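Per-chain residue numbering starts at 1, and chain names A, B, C and D are given in the order in which the chains are listed.
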Amino acid sequence: MNAEALAFYALAAMVLVGGGLVVQSRNLVHAAVSLVPTLLGVAGLYVLLHAEFVTAIQILIYVGAITVLILFVILLTEGATGLRVRQRNEQVPLALLVCGGLAVLLLGVLVRVPWGPAAGPLPPYNPGAVGRSFLMPYVLAFEVTSLVILASLVGAIVIARREE
Amino acid sequence: MPLDWAYVAVFALVGAGMAALPLGIVWLLAPRSAYPQKRIPYESGIVPFGEAWSQFHVRYYLFGLAFLLFDIEVIYIYPWAVVLRELGGFAFVEMLIFLGVLGVGLAYAWKKGALEWV
Amino acid sequence: MIGLSHYLVVSTLLFALGLYGVLTRRNAVAILMGIELMLNAANVNFVAFTKFVDPTFVRGHVAALIVITLAACEAVVGLALVINAYRHLETVNVDQVDLMKG
Amino acid sequence: MVVLAAVVFTFLAVGGPLFLVLAERKISAWIQARVGPKHVGPHGLLQTVADTLKLLYKENIVPHRADVVLFSVAPILVAVAALLDFVVIPFAPGWVVRDLNVGILYFAAVSSLTVIGILTGGWASNNKYSLLGGLRSAAQMVSYELPLGFSLLVVATLTGTLSTVRIVEAQPYPAVAYPCVVVAALVFLVAATAEANRIPFDLPEAEAELVAGYFSEYTPMRFALFQLGEYGSLLASSALFTTLFLGGWKGPFAFPGLGPVGNGLVWFLGKTYAVVFFLMWVRWTYPRFRIDQLLNISWKLLLPVSMVNLLVAGLLVVGIR
């Protein structure tokens, strides 16, 4: 087994074990902290896929910001007092069936599909390539995102603030 | 390129090992005497009451959300910074619009008092 | 040799895990965490397809970045709703948040 | 080979902060017209060694009903995050652990991991002061991450690269860009001080109101890891400041007989420790801000200023072209 395969299996294990803890932990703070190894593992997969810029952004935004915000809200609402409350609803058997079925179905499809021939090489300098892409062919998406961010800023402030 | 990040991973592992090492030494060397009073959380000398968790003000969340939404801009500005020299004027105008829209957001949050610690 | 299908298997399993969390959790924040897992699974796919199938304009990376942005926006608004619900109803369990019944 | 290098480097990165603790005590004593540590070794130089040995012999206490796992992991996370900052710092020509393509973005990303360590450490202690200190610290650190990020972006815009090595090579900046660079440098300095939770931004551990903030319940060695993280990130921020704004390893003249690497190291370390000294000087001279003042500085002063500064830098780059 070469280094790449070793790294891939280690990262995949990290992602899936972490993800399992996220959905399974009774303690919500533990679930939120388990997001950290999961998301870092996904960042590691991006490294193996030569997506440096996405890796750095994944760590900066997902691990460093979204997880912090989720932790904030858990501490602001229930903290760990949720331990005394039932954390699961009555759909567990159904959910197991649906998710297991979906996974089996997708896996069955994707091992049969012949994914075309290997693609050409990626552009050498990743942040530059992303920048050129954003500013030229995908400029509309780029500008619209700023509107989306503005809308969610306004919306979240209106919703979260205490009413006068 | 993945090799660069292999260094990062090795550093993280070695660093964690080096951080855990003194904890191991403490575990070997340090005395251990447990009695319940020693483990009471410190609360200015009185016996702690209630839960350590209690209701916190929503203001923490307001700062958190403003942070997250302004932090995301960075995703778009870093690539812009790298290619600006090569693409020139129109790239600058695009960023002007982008930051202008977010400036409106900052002004709104400011005016609505979401940035006040009250 | 690690190929496209290896990454797809991981992302499929992660997606199923996230979906399981969304379907079974009662706490709204925990449901959001499940959604984050599903979005990450999608992102792994985007980036993997860029490397193995279509590197034009690194458009998979662009899509992944936009998904990360939207995930952040979704988290911000969703968590604001959670806080608001908690303030009015003293609970964040979605099966008890049923204002529409009046 | 890589592992060996990492071990050696980690020793250095741990040794640097340990030395800083002593430096801080000596400098604070000097500023306050005291003598400072003087009994252990010549002029008290071995004080830190004695302190470390003492810490190793002290009992680790986990508070009642604390979350043992997170309580133990949090300080390690903080220390590792500080250590990882050093990966992209170029000490001399060719002397950088790894010149990542996304260098300064990597720096910002890795230092943002500290917040999680502090927040979980504060929560896991099962202590009201710790939790409040952790939340405050998190609110402060995230607020100052933004201006810090914008300063990095100004440099990236002017040089057109994210790699720390190439940023050093691109310096000195063109003369027209100086106003931009100076503003970015000032913003960076303020934000880095706040990120390191140091006076005048040490609200999270304001001893008059919060005991010791998020590490109130931490006993010797784990507390030392938090300290290590704090001084490590202080050193890392100073080193990054040197790299981005002071020309890194470049100096106005070369010392004869040292060769390029020796010269680079001398200049780089000299500048870095000058920045460290400056931050310590500030710490022992100014009083603490109130938390509302602290957040106002970030959101209503530094953030708008640095957004405008970024646009000016962009205009300059387009103009120069």
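Heads up, the rule we're going with is that a contact is a pair of C-beta atoms (placed from the backbone, for glycine too) under 8 Å apart; a residue touches a chain by one contact, two chains touch by 3 or more.
Just so we're clear, the structure is a prediction, and the values are computed from it rather than from any experiment.
A comparison of C-alpha centroids places B closest to the centre of the full protein. When chain centres are defined as mean Cα coordinates, C lies farthest from subunit D.
Centre to centre, using the average C-alpha position, subunit A and subunit C are separated by 6 Å. Inter-chain spacing, taken between the CA centroids of subunit B and subunit D, is 14 Å. Subunit C and subunit D, compared by their mean Cα positions, are separated by 33 Å. Work out the mean CA point of subunit B and of subunit C, and you get 20 Å between them. Shown for subunit C are the residues that touch two or more other chains, namely 65, 68-69, 72-73, 75-76, 79-80, 83, 87.
Along subunit A, residues 4, 48, 50, 52-53, 55, 57, 60-61, 65-66, 68-69, 72-73, 75-76, 79-80, 125-127, 130, 132, 134, 145, 149, 152-153, 156-157, 160, 162 each make contact with two or more other chains.
Residue positions 100-102, 105-106, 108, 123, 131, 135, 138, 142, 145, 162 of subunit D each touch two or more of the other chains. Screening every pair of chains for touch gives A-B, A-C, A-D, B-C, B-D. Of all residues in subunit B, only 58, 61, 65, 68-69, 71-72, 75-76 touch subunit C in the complex they form.
Per the touch definition, subunit B reaches subunit A in the complex via residues 1-2, 5-6, 9, 51, 53, 56, 58, 60-62, 64-69, 71-76, 78-83, 86-87, 90-91, 94, 97-98, 101-102, 104-105, 108-109, 112-114. The part of subunit B that touches subunit D in the complex is made up of residues 1, 4-8, 10-12, 14-16, 18-20, 22-23, 25-27, 29-33, 36, 38-44, 48, 52-54, 56, 60, 63-64, 66-67, 70-71, 74, 77-78, 80-86, 88-89, 91-92, 95-96, 99, 102-103, 106, 110, 115-117.
Contact residues of subunit A toward subunit D in the complex are 27, 29-30, 33, 36, 52-53, 55-57, 59-60, 63-65, 67-68, 71-72, 75, 79-80, 125-127. Here subunit D touches subunit A in the complex through residues 67, 69-70, 100-102, 105-106, 108-110, 112-113, 115-116, 119-120, 123, 131, 135, 138, 142, 145, 162, going by the rule given at the top.
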